[in-house]
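Note that subunit A is present in both complexes that follow, paired respectively with subunit B and with subunit C.
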Partner chain A sequence: MSAQLLSANHGAAMAATLAGRANREGRGFCGGVYPITPSTECMEFLCLQEIEKGRVVRTESEHSAMGVCIGASASGARAFTATSSNGLAYMAENCMAAANLRLPVVLAVANRTLGPPWNLWADHGDALMLRDLGLLQFFCADNQEVFDTVLCAFRLAEDPEVMMPAMVCMDGFILSHSVTMTEISDQEQVDRFLPLTTIPHQLGHTPHTLGQIEVPHQTEMHRQQHHAAMLGVPRVYEGVQDSFEAIFGRRPADAVQAYRADDAETLIVSMGTIGATVERAVTMLRAQGHRVGALRVRMFRPLPVAAIRKSFAGKKRIAVIDRNISLGLGGILWGEVRALAEPGTVVQNYLAGIGGGDVRPEHIVSVLADLLPRQVAGLPEMVEAV
Partner chain B sequence: MNHQSHAGNTGQAHTNVLPVGLSFPLEVRVHGRGGQGGVTCAKLIATLYSQMGLQVQTFGDYGSERSGAPVQAYTRVDRVAIANRNKVYRADHLIVLDRSLMGPQVLSGAAPGALLLLNTGAGLDSYAGRYTNCRLGTVDATAIAREHGIGSNAVVIVNTTILGAYARLLGVPLAVLETAYASLGLSDDLAAAQHAYDAVQVRDVIRPAGDAPTTSVLSAEMPAVGPLTGHNVDCPPTLMTGAWSSQTPSYQDHDAPCNLACPAGNDVVGFVQALGRDGAEAALAILLRTQPLPSVCGRVCPAPCMQSCNRKSFDGAVNIRSLERWIADHSDLRPVQQAAERRRRIAVVGGGPAGLSAAYQLALHGHGVAIYEAGPALGGVLRSGIPAFRLPREALQRDLDRILALDIDVHCNSRLGSDDLRRLGDDYDATIVCIGFGPAFGLSIPGAELDGVEQGLAFLERVKCGPVSLQGQVLVVGGGNTAIDCARSALRCGATAVKLVYRRGREDMPAIDEEIEDAESEGVRLALYRQPVAFAGNGNVSSALLAEVEAGAPDASGRRRPVVTQRASSVTCDKVLLALGQGQDMDLLPSDWEIRKDRAWRGDQAEQTWFAGDCASGDGTVTHAIGNGRRVALAVLRSLNGEAGELPSGATGTVAPAQIRFSHFEVTPPHRDKQISPSARRVSFEESNLGLSGPEEAGRCFSCGHCTQCDTCLLYCPDGVIRRSGDGYRIDVNYCKGCGMCVAECPRSAMEMHEKTT
Partner chain C sequence: MNEPMLGGMAQTALDRALPLLRPGNTNCGGCGMSSLLQMLGHAAADRTLQFVMPASCAAVCGGVFPLSTFGVPTLMTTFASGAAAASGAAAVAQLNGEDTRVVCLAGDGGTYDIGIASLSAAAERNEDILYICYDNEIYGNTGGQRSSATPAGAIATNLRQGKQQPKKDILAIIAAHRVPYAASISLAHADDAVRKMRVALDLRGFRFLLALSPCPTGWKSEPALGMELVRLAVRSGLFPVLEIFDGRRHVINIEPDFSDEALDMYLSLQRRFQRSGITAADLRPDLDQLWQNLRALSGRIVPARRSS
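== the complex of A and B ==
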């Protein structure tokens, strides 16, 4: 194990490399790559790595990059790619294919605003556009978490009970390009953590077709299986956490990460790096005597409903901060979690950092100032805090 | 040097030299311009603190980081894990890589007592009364980085330099930087950091509540947010981006290496480009400024221009010599004689290349010239010493006709003595002596007097004058062009076999490489590291004793000195041709005269008699003689006009191969000369090299250091501020942000960046 000053993009590529090499006794590794800001550095770094069994294929589009991953994964290789924003939109059709074919491809997404007009900066709208396709979705808050989550994503995606693609998200630039000390695990440890990739429906010597036409009752069955597998993920993930901790000596973050939430009257809920800034604001607010806590939703698909409901219990006010907007409804995270609060709780939505705006601890303090006077239960209004 | 480095491994032991006076969390903001390395600077700072065992977070303010635009980068440092991920608004340390950025935006949010490190060429004294609530450091990191060669040819990168000054301000030893730089692969820049460490000027806080805006300005405050659904019409303000820039590009010719290498002083890049652009006539007009013998030099010049051609490092030198020949063979342009302000009469003694060049320049400038030639016709060694298969008589005659169309009197068969030379002073304003080399060197060895042992130059002159018949084995001694010419001529005169004996290696032979190749392909055999020590024969030479030669220690010229050994073997031969070079002979010089710097002096009295060409310089090539003849002629005119000193060189710096953007050019092999087959040419004195079949080779010229209006600058300018204008371009300085991309991308180094003077 060594600590290195790394950007999260490079950390993700480093984790993918270690995971890829861990499959050297199996069918090896394959990455399909196509550059787009701000995930390009991840792919560049991957292209420079030496992987004894496998290769990185430079393609002509994101659609094909995922196509390469699908082919590789279907034949038993460990597959990885990365993209952002409209690149992810272009990749979407094949993301759907990877999900419906239940192939454990891992996809790193450096979240970026969808255009046009073109905007390079962070917004979760790109990943959330693919919310319902049947991929696991994780949103990370720091560099170590990106590295660890990519490793966990392979383990989880390839778990026989799960067997589906996983998306690991990091806020573009704010996280993808930030450099901090990152613990890089040894190959030997990763080898122990990640068993050889085994795909039950792996292509073999007998030719057969993947994803041919199916009739309604078959689709019904496949959706039911896929949904059931999704619902089991929070339980499987706990096992992955235990195994990770036993091997690497550090515990990866929970599916929902609470901070000083137990005795809080007010809870601030968010995803991604805003969650890290919220923790800093909570520290400041606690010092001023406010009974405030934070909840960061790391696993967004499947949504860990039970864990969130448990955290919401007994809270008077809940602020949900979204770095995204479902036009015509409001923040997507808010839309999903508001039903999980107890009757009588104010669940207020705030939009912050949409299009990559800088979210500062001061913004969180102003959220609290807005929230505290709101006592009336009922359908909350969406406001624009920042 | 790549400053966009990957993060390095810094997991090594911590350097526990925590500077005093730091409070945490510590926030650092770097202000720079895209391309200056601000992000790497912030990363180096993070590495520095990380080595001290502190937690760090560093990031750039991405999105607007195009070259030259103001950009920011941040580093956050703490004793505990850093949670928040927002930008830095209340910087404890401000590092400004470009002083033109200084303003309220930069100082915004800086706490009283903040550290402000400024890269500026102006000294600390120029900031009297300013930034008084900051601890101020100033250093000219740009000058230091430039001195240490850090950055591209267009933009200096100052990040690694200014960190030396930062270390000094922190009070940490420079050694702390060593590990940080090594981890990012920047160790080469440590010397510059050391330089800045020593050079930084520091001023402590003067007034804690001084003039700098602190917490209540601009970006330190949160901006007001309008309703999300409101539609704002946000017209971009008029922004003169040119106000950002600290450097500006300009179009500046630089010296092409071919031009500098040409001993004749030809504008090589000029005539090659003119040929490609405007044709042979335009090219010849440029050549004729310096070169009266293009038909000759286009055939027999050793072409140092091709040796120095930058295209040699890419896909082969431009075939310049043959382009010169093509131009001379395809244009009948005659030079136009200028009118002299005051017409002089000048005598030139000797009608070889130096004399012809001197006479040509003088006549071209409108002066009256008389040439006194000892031989029956003009041309010197060109007429008598270079065989017809290399230089046909008609080619020389074309050049002579062009020269003699000017106002030049020619007196052939006029061998002058020292009295004549003295007398010329009465009849002419000045005299230039260009009598070439003296007699050829012989060999003082047994048998050298035997029949059949002949001077190569005498043999070549005989061959030029009429048919000469040889038979049997011919031995040629020497390694220069005369030796090669003798060997090839001997074959054409009927020799059964020709062996060339040379005391050094193939690579040491002074002859033109292609000529050696041609000789070998015609059947001449080389006997290298051999030297004759005796000839034997009964009346006529019949054998030579060749000693083996070893390469000794290098001499002054860098060539290894030949050491003759005792090992020798005998070879049969029927003819020996000696081509061992020539000495200088100054019988012509009156006994009370001496030559100092190309001029005759009698005691302290300078005579109006000058010397040029091989008799003065001994360089031994046609092209050197032409250049020397021209320079001396011009010096004579300046002297007659009472002007002192030498002409300024006007050198603007040579374009090295590294300054050519090879990626802008396609690999295109050189166009080769058409040659008659070796078997056909070894029996004929017809010209063996037929030259190029067209002028297309000119298109391969990079035009080093000379703008071709290729539009690369215009296409690459990210701000679109370069427009075509007349024969060149105009740069709209109001909107040029000084990124230097045009200069960096210029394929041929015809642009420069300049510091803007404020």
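== the complex of A and C ==
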């Protein structure tokens, strides 16, 4: 274990490198990569690493980057790629294919606004566009969490009960380019944490086909299996956390991370780095006597419904802050969690940091000021940058 | 013209124990891709193969889950990702020291059009892949729409009048990547085709084979006449049969006799050329130019066609 100054991009690439090396006794490691701001440094860093029994293919597009991962994963290797924004949109078709083929590819996403008009800054709309494709989705709040979550993502994705791709999201620039001290695990620890990649349906020597035609009742069955595997992930993840803690000596964050939520009357729900800002604001607001708590949804797919419902129980008011907008509805996180509150709870949506604007503690304070007088929820409110 | 009767295609003890294309597949009668797979099985003999297929008739031919038409492990991938997924599979085979030949089998839509970016990139990286394009000159799987492989004068379901533009010269495009091997094969000349399949299977790096693949459904031709049509296309000079080593050395494998009669027969036996009324005389100037270039590239001084 060593502490290193790393950006989250480099941290994700470091985790992928360690995971890749950990499969050297297995079928090896293969990544497909293509540059896009702000995720470029992840693939650059990966391309500079020596990975025993590993290869990184520098492709001509994100679509092909995931295409390479599909070919590699179908051949039994551990596979990884990284992208952002339009790159993810371009890759989407193959993300769906990897998910439907139940291939445990791990994908690091530096969240960025979709364009044109071109905008390089953080917005969760890129990752959330792929919400329904059957990939696991995690949103991180700091660099250490990105590193740890990438390692956990390999373990989870390749778990025989799960067996599907996993996406680890970090807010573009805010995390991807911020350099902080990150605890980097030793290879020997990662070797113990990650079993050799075993994909039961990988192509071998028998003539079977992966991805041929299927008829409606078979698709129904496959979706049902995929959905059931998704629903089991929160339980499997607890086991992964235990195992991670036993080996690395630190516990990765929960699927849903609560902060001073138990005795709170008011709850502020968010994802990604806004969650860290909210925790800071909650500390300030608590000092002023407000009974307010925070809930950060780290695992977005599958949505940990039971954990969220439990945290929502007994709350009078809930603010859901979205760094994204489903045009014509409102925040996507709000759209998903509002039904999990008890009847009578005021669940109000706030749209903050859309297009990458700074979200600072004072924004959270203004959210609370707007929420507290409300007796019923209204339409989603845009929190303007100050 | 050198066309031995069985073209070396008789079943021998050297053949694979199981065919690449198993009985019960759903290909149309007279499909060129079926013949191609039979020849490939013959050429591959006991070599270990793995197929990667983008969306195509071949992908449909693969059969309905959980059955599989193909006699080797096969990965179906998205339309534009044939060469990319094959790159990943080939990389893993190489990392594990396996002698598996990764064969990407794609139609002209997946090769000339939507898949050309990933194809070009894999060729440029010189990935260890054998890429085979069965070119039926249309989007056959969706019912016969125009592709950039559709020849001048042919109609398509989305093209009422005959196509104005000539087809893309994909072989020249691939050869321009300086890949170790790029060749066109005639399904009507099995000796030559099987020989080149073996060459392509045994070389390392990026290899490309292009086969003119009769599609009775799309060409509006008699299923039984497919091989004859290919023979006419080769004989008339419409479909040059050649191999290109390292993008530099061009070898013409089958000499056409540049017969206008053969070319007119090729056109008249397919209803797709009927509406435009295109004739050998319309095509000949372009073909003369094409063959002059091929002569120059192959270092032969024989003129493409003697002026009569």
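Rule of thumb we're sticking to: the second predicted complex is superposed on the first by the 373 of 386 C-alpha atoms of A that agree within 3 Å, B and C clash if a C-alpha of one lies under 4 Å from a C-alpha of the other, contacts with A are read in each partner's own complex, and residues count from 1 in each chain.
As a working rule, a contact is a pair of C-beta atoms (placed from the backbone, for glycine too) under 8 Å apart; a residue touches a chain by one contact, two chains touch by 3 or more.
Please read these numbers as outputs of a predicted model, since none were measured by experiment.
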Joint occupancy of subunit A by subunit B and subunit C, clash or fit: fit
Partner chain(s) touched by A:Leu120 [first = subunit B, second = subunit C, both, neither]: first
Following superposition on chain A: angle at subunit A, subunit B versus subunit C, Cα, nearest 10°: 70
First (subunit B), second (subunit C), both or neither touched by A:Val269: neither
Touching partner for A:Ala166 - first (subunit B), second (subunit C), both, neither: neither
Touched partner set for A:Arg280, first subunit B, second subunit C, both or neither: first
Which of subunit B and subunit C A:Leu203 touches, first, second, both or neither: second
First, second, both or neither for A:Gln4, with subunit B first and subunit C second: first
Which superposed partner A:His177 touches (first subunit B, second subunit C, both, neither): first
Overlay on shared chain A, then closest C-alpha pair between subunit B and subunit C (Å): 20
Contacts on subunit A seen with subunit B and repeated with subunit C across the two complexes: none
Residues on subunit A engaged by subunit C in the complex (per definition of touch): 27-28, 30, 32, 53-55, 57-61, 63-77, 79, 93-94, 97, 203-215, 218
Residues of subunit A touching subunit B in the complex: 2-7, 10, 38, 45, 120-121, 141, 171, 173-175, 177-181, 273-274, 276-277, 279-281, 283, 351, 354, 356, 358-363, 366, 384, 386
Residues of subunit B defined as touching subunit A within the complex: 6-11, 43, 46-47, 50, 55-60, 62-63, 82-87, 89, 183, 222, 225, 227-228
Subunit A contact footprint on subunit C (complex, rising order): 18, 48, 50, 52, 59-60, 62-78, 80-81, 83-96, 117-118, 120-121, 125
